[in-house]
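Here chain A shows up in two complexes: once beside chain B, once beside chain C.
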Partner chain A sequence: MRPQELPSKLRIVSLGNTPQNAEERAYSAIQSCFGLNCELLSPEPPPEFALDVLRGQCNSLEILDWLESRFPQPDQWIFGITDVDLAIPVLTFVFGEARLGGRSAVISTFRLHEEFYGRPADTLMLLSRIEKEAIHEVGHMMGLTHCLDRNCVMYPSNSLSQTDVKSIKLCPDCRSNLYS
Partner chain B sequence: MKSVARIMVVDDEKIVRESLSVWLRKFGYEVVPVEGGQEALDILDREEWNILLVDLKMPRVDGIEVLRKAIEVKPGIPVIIFTAYATVETAVEAMKVGACDYLIKPIDPDMLTLKVKKILETQNLTNENVMLRDKIDAIYQFDEIIGNSKSVQEVLEIVGSVAASDASVLITGESGTGKELIAQAIHRNSDRRYKPFVAVSIGALPDTMVESELFGHEKGSFTGASHAHMGRFELADGGTLFLDEVGEMSSKVQVDLLRVLEERACYRLGGNRKIHTDVRVLAATNRVLKKSIEEGTFREDLYYRLNVIGIHLPPLRERGDDVLLLAEYFLRKFCMKMNKKKEGFSPEVIKLFLRYKWPGNIRELENAIERAVVVGKESLVQLSDMPFGGGQKVLEEKTAISLREVEKKHILKVLNETGWNVTRSAHLLEIDRATLYNKIKNYGVSKPRDQR
Partner chain C sequence: MSLVTMNINGHEVKAENREPILKSIRAMGIKVPTLCHMDGLEPYGVCRMCVVQVKHGKRTKLVTSCNFPAAEGLEIQTDTEEVLQHRRMMAELLLARSPEVKKVQEIAASLGITKSRFKVAETSDCILCGLCVRVCDEIVGASALGFIGRGKDRVVGTPWYVNTDSCIACGACTYVCPTGAMQMETLTKERWRRELSGKERICRYARMGLISNKVCPNNFECATCEVDQQLFDEFGTHPILALKPGLHQHPKQVGHFSLIEDRSYFQGHTWAKTSKEHTRVGVDDFAQKVIGGISRVAFRAEPGDVVHRGDPALNVSNNGHRATMLFPISGKIIHINPALEDDPSLVNEDCYDRGWLYTMKPTNSYEDKSTLINPDEADQWTQDESDHLFSILTDSKSAALSDGGELLHNFSRNLEKKDWERITNSFFSGGELS
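What follows is the complex of A and B.
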């Protein structure tokens, strides 16, 4: 499902108390991987509207709806970064969510911290994971589906070890699918 | 055009079928959300489907009924049932009716992906990428390691990726979680597989023996050394040395081991010939070595030598439904071995399996099932065939018993759980082995006949 056309701009917005430099790192990673024209927006509050109180997680699909209505310009894409834990109703959690071939995506830093797994903080690791997840979700916006190459950034990761194993790059197959 | 897998997602809740569809489409599958059992049956034979994903609880036509009709109309069609936790038993029932798998809501996305992928792979609906990966994975044989839980699958993934290297691996986990099994799997999937896998259990050896076991000794090097003796390092040359219970090493042995690992060579006790060894070292412990380091009983430098890669095996109680898979596996294994016929487990036993804490982990389960196959009379394994069902009651019956009696019973219980492994029991009881031996003798505790 390919997007109709590439955006004039991809806008990046933080939702809540995201780690320092998260947006900047996502910005340069996305720009250098896809050559998209990016822009950083001023931060928005955490997405409390999407909170599922019972699960203590936010519904990522509702966040996408919200982003699309808050930033409605059809020729611009909107990319959110949040520190809340994300899930879609039937799944336990997701690192991020994007509309396949659509104009919105969001990632969560919640489970990308070493501290979440009871280990000492590691800022470099955290930022590199943010970059990978950001590129992965933008890949979906660009119409890419999951890739079976464990080292490709489009490999689906639902555990940190998978995120850490994969590279920050698109494999040659995915790269050629991108422009085909 | 490569053919695209088609998946039907049936759920009366819109949000559920939509979000599952969204998720699966990101894998490039064609997904058709369907809002009820009847609607599913209506379109079932009009089109080709690779997988049906069906919610168990739906008004009117429920998941079981969809399942029944589906396998009637299209025999062999893979149906995955998903359900909320409260209805696990029904899910087990669904498996009996013919579901190929089931998932518990909220669904672990990784499990979903894995199960769908596995089914599609068997259907040959694979593109070249998959075939390539299949070829790579084919050398990894983990047939005998049972487990669908995410933690076990992750362990196998690590095993697959480290097997080929020569890196040291430290395997941690409670007693009976399969540390040795994993060590063997690493060996068998490495290039060293045609060379020996030598295991040495350091905790089971008296301190003075450890060095001679590991490094060997020359004739006459100590009283009683009437012959020269090859150490395990030499025996394992070219292969893999498995150091079990490394947490039990004295500080002297730790120093010597570290030196051997660094120099890749050793000396026999009482000898001065340098023996070069090409050995990959795998180590295991059920202790938390980080804590031993803090307490000063384990060398940090040795720890980093051994723990180049760490693999942690979770206890059985944290592996969810794996306990049922393992139970089925052991039941088949022992039935075959003892030439008996058993159909499965009674619902009470299944309930017990899921609830019980399994302090002795997989070994305890294995022993329990072996026993059940021996003593059970009916075609389904009954609660009364289980060692703990009765054992726990005994303790509860009479409350006014002496401390001595309580201790005796507790020791007996732990011994039974570990299959009478004294070292392991001593660990669990947090006393040393000599003390445990003395208590066994004093209390006159003995192994039940059917476990000998």
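What follows is the complex of A and C.
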């Protein structure tokens, strides 16, 4: 499902305490991959409204709804970055979520940190994961679905190693689907 | 290829002319011990565990079934006293050579042997089955291993002795080794790789072309590496073995769902797998996971019925939700799976094997071939169905795609009726009213 129209702007907003430089890196990755005109907004508070108390995770779908109503301009897309753990009812967690061909997406840095897995912090690794997840979700907003090529950035990540294995680039098929 | 008729333990069977008779014997469900045989590799015929008795014309002899070609009129006996005696003798010899090896102990025990009368000067965990040599040669294409020496001094060679440049350190040899004698650690090549610096330390899967160039962050400790784990999970076996067509009979993973490449799939998430005798049908992993903990099944057809593709095959219920699964092919029902009536959860546990539904005699296999989703399209189809499923599951205003996590077990239990109906209509039984 392709978007009706490309946005005049893609706005990037952090929700809570995101890692240093996360927004900037997402900004330049998205801009260089898709050529979209991006803008950084001032931070919003953590998405407590979406907290599922039993699971201790925030519902990513509710965050998408919130982003769309908080930033309602129809010709602008909105991309959130948060440090809280995200999930949807049928999955144990999500790294990110995007409306397919729609105007909102969100990623979580919670499980992108090496520390989450009990390993020493690695900033370069963290930022490269943020870039991949950002491009992946914006790919969905651009209408791309998942790709079978494990090196393509549109390959689905069910676990972190899949994010690490895939590259930051769209494979030739996905690239041509973008503009077809 | 022409078909020949043979007789195995008194039953008439058809086989491709010249294909190894082991295949027909196993297809009948007869167990034959093998050590040096692996599907997809050229037969080697060296361990002699697979011997059977063959009568052609007037002559009767013992042959190794893994490499003996099928021919018109062969009469095969798989467990005469002579056959068993021969296998016991081979097991005793093996046990003398490799007393510590679990696989050898198991095979010997299955023949009633726990001790060997023979003595050897030096025992070894390597049973000279040649699997490592053949896998490296025929599948990896590296030809980095070879036998050195002759007779009882024969050992598998090269990486231990020569630091050859042809080894790509893929680990296929250690994976196929039935005894554990072949260890990555013993490959000097692998040690040498650890001495490489920085950007030269490329992950073994990048060297195999499976992932884009990636420097190994894990000191080549593949056994404890997530990348290794991920690729094994995805392919269901050593990735390099999965890449050879015909070898791949383990379920592989496409996103949240598994698939086996030895069968064809129907749009309604049922599968059909054809063997010489019949076609077996069942439900796929996608259906099994989406339906969740199956508490009851009702067969919609009986042995003898003639059914059409798309007819209702099975009603399933999962405490509250119901769905109807459809026949993937047209044909006559031969058997239903009796085990399912006692234990419907077999469909969840093992949908591709023990949880099968029916065996059938297809009406028109040619037509089935052209209408079903064949194995090489099944990956893409499963990925698309998965995206479609998530777009329904997340549809508050418009579809979303989610990345990450595992599907919660039995997630559909909590779905509202209208969402459940949308799912059964979209994926399982579009037109059928249940």
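Keep this in mind: the second predicted complex is superposed on the first by the 180 of 180 C-alpha atoms of A that agree within 3 Å, B and C clash if a C-alpha of one lies under 4 Å from a C-alpha of the other, contacts with A are read in each partner's own complex, and residues count from 1 in each chain.
Keep in mind that, in the parts below, contacts are C-beta pairs under 8 Å (C-beta built on N, C-alpha and C of every residue); 3 or more make two chains touch, one makes a residue touch a chain.
These numbers come from a predicted model, not from an experiment.
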Simultaneous placement of chain C and chain B on chain A, clash or fit: clash
Partner chain(s) touched by A:Glu48 [first = chain B, second = chain C, both, neither]: neither
Chain B versus chain C as contact partner of A:Asp75, first or second or both or neither: neither
Which superposed partner A:Leu91 touches (first chain B, second chain C, both, neither): both
Touched partner set for A:Glu115, first chain B, second chain C, both or neither: neither
Comparison of chain B and chain C by chain A residues contacted: C
Touched partner set for A:Ser161, first chain B, second chain C, both or neither: both
First (chain B), second (chain C), both or neither touched by A:Asp173: first
First (chain B), second (chain C), both or neither touched by A:Asp65: second
Superposition clash, chain B against chain C - the stretch among 217-225, 289-297, 307-315 or 433-441 that is involved: 307-315
Shared chain A contacts, counted only where both chain B and chain C touch the same residue: 1, 61, 87-94, 100, 140, 145-148, 156, 158-159, 161, 165
Chain C-facing residues of chain A, complex: 1, 60-61, 64-65, 86-102, 111, 133, 136-137, 140, 145-148, 150-151, 156-162, 164-165, 167
Contact footprint of chain B on chain A as seen in their complex: 1, 55, 61, 87-94, 100, 140, 145-149, 156, 158-159, 161, 165, 173
In the complex with chain A, residue positions of chain C that touch it: 210-212, 214, 226-227, 229-230, 234, 254-256, 379-380, 383-384, 386-387, 391, 393-394, 396-408, 411, 414
Interfacial residue positions of chain B with respect to chain A in the complex: 15-16, 18-20, 22-23, 25-28, 82, 105-110, 112-113, 129-130, 133, 150, 154, 157-158, 161
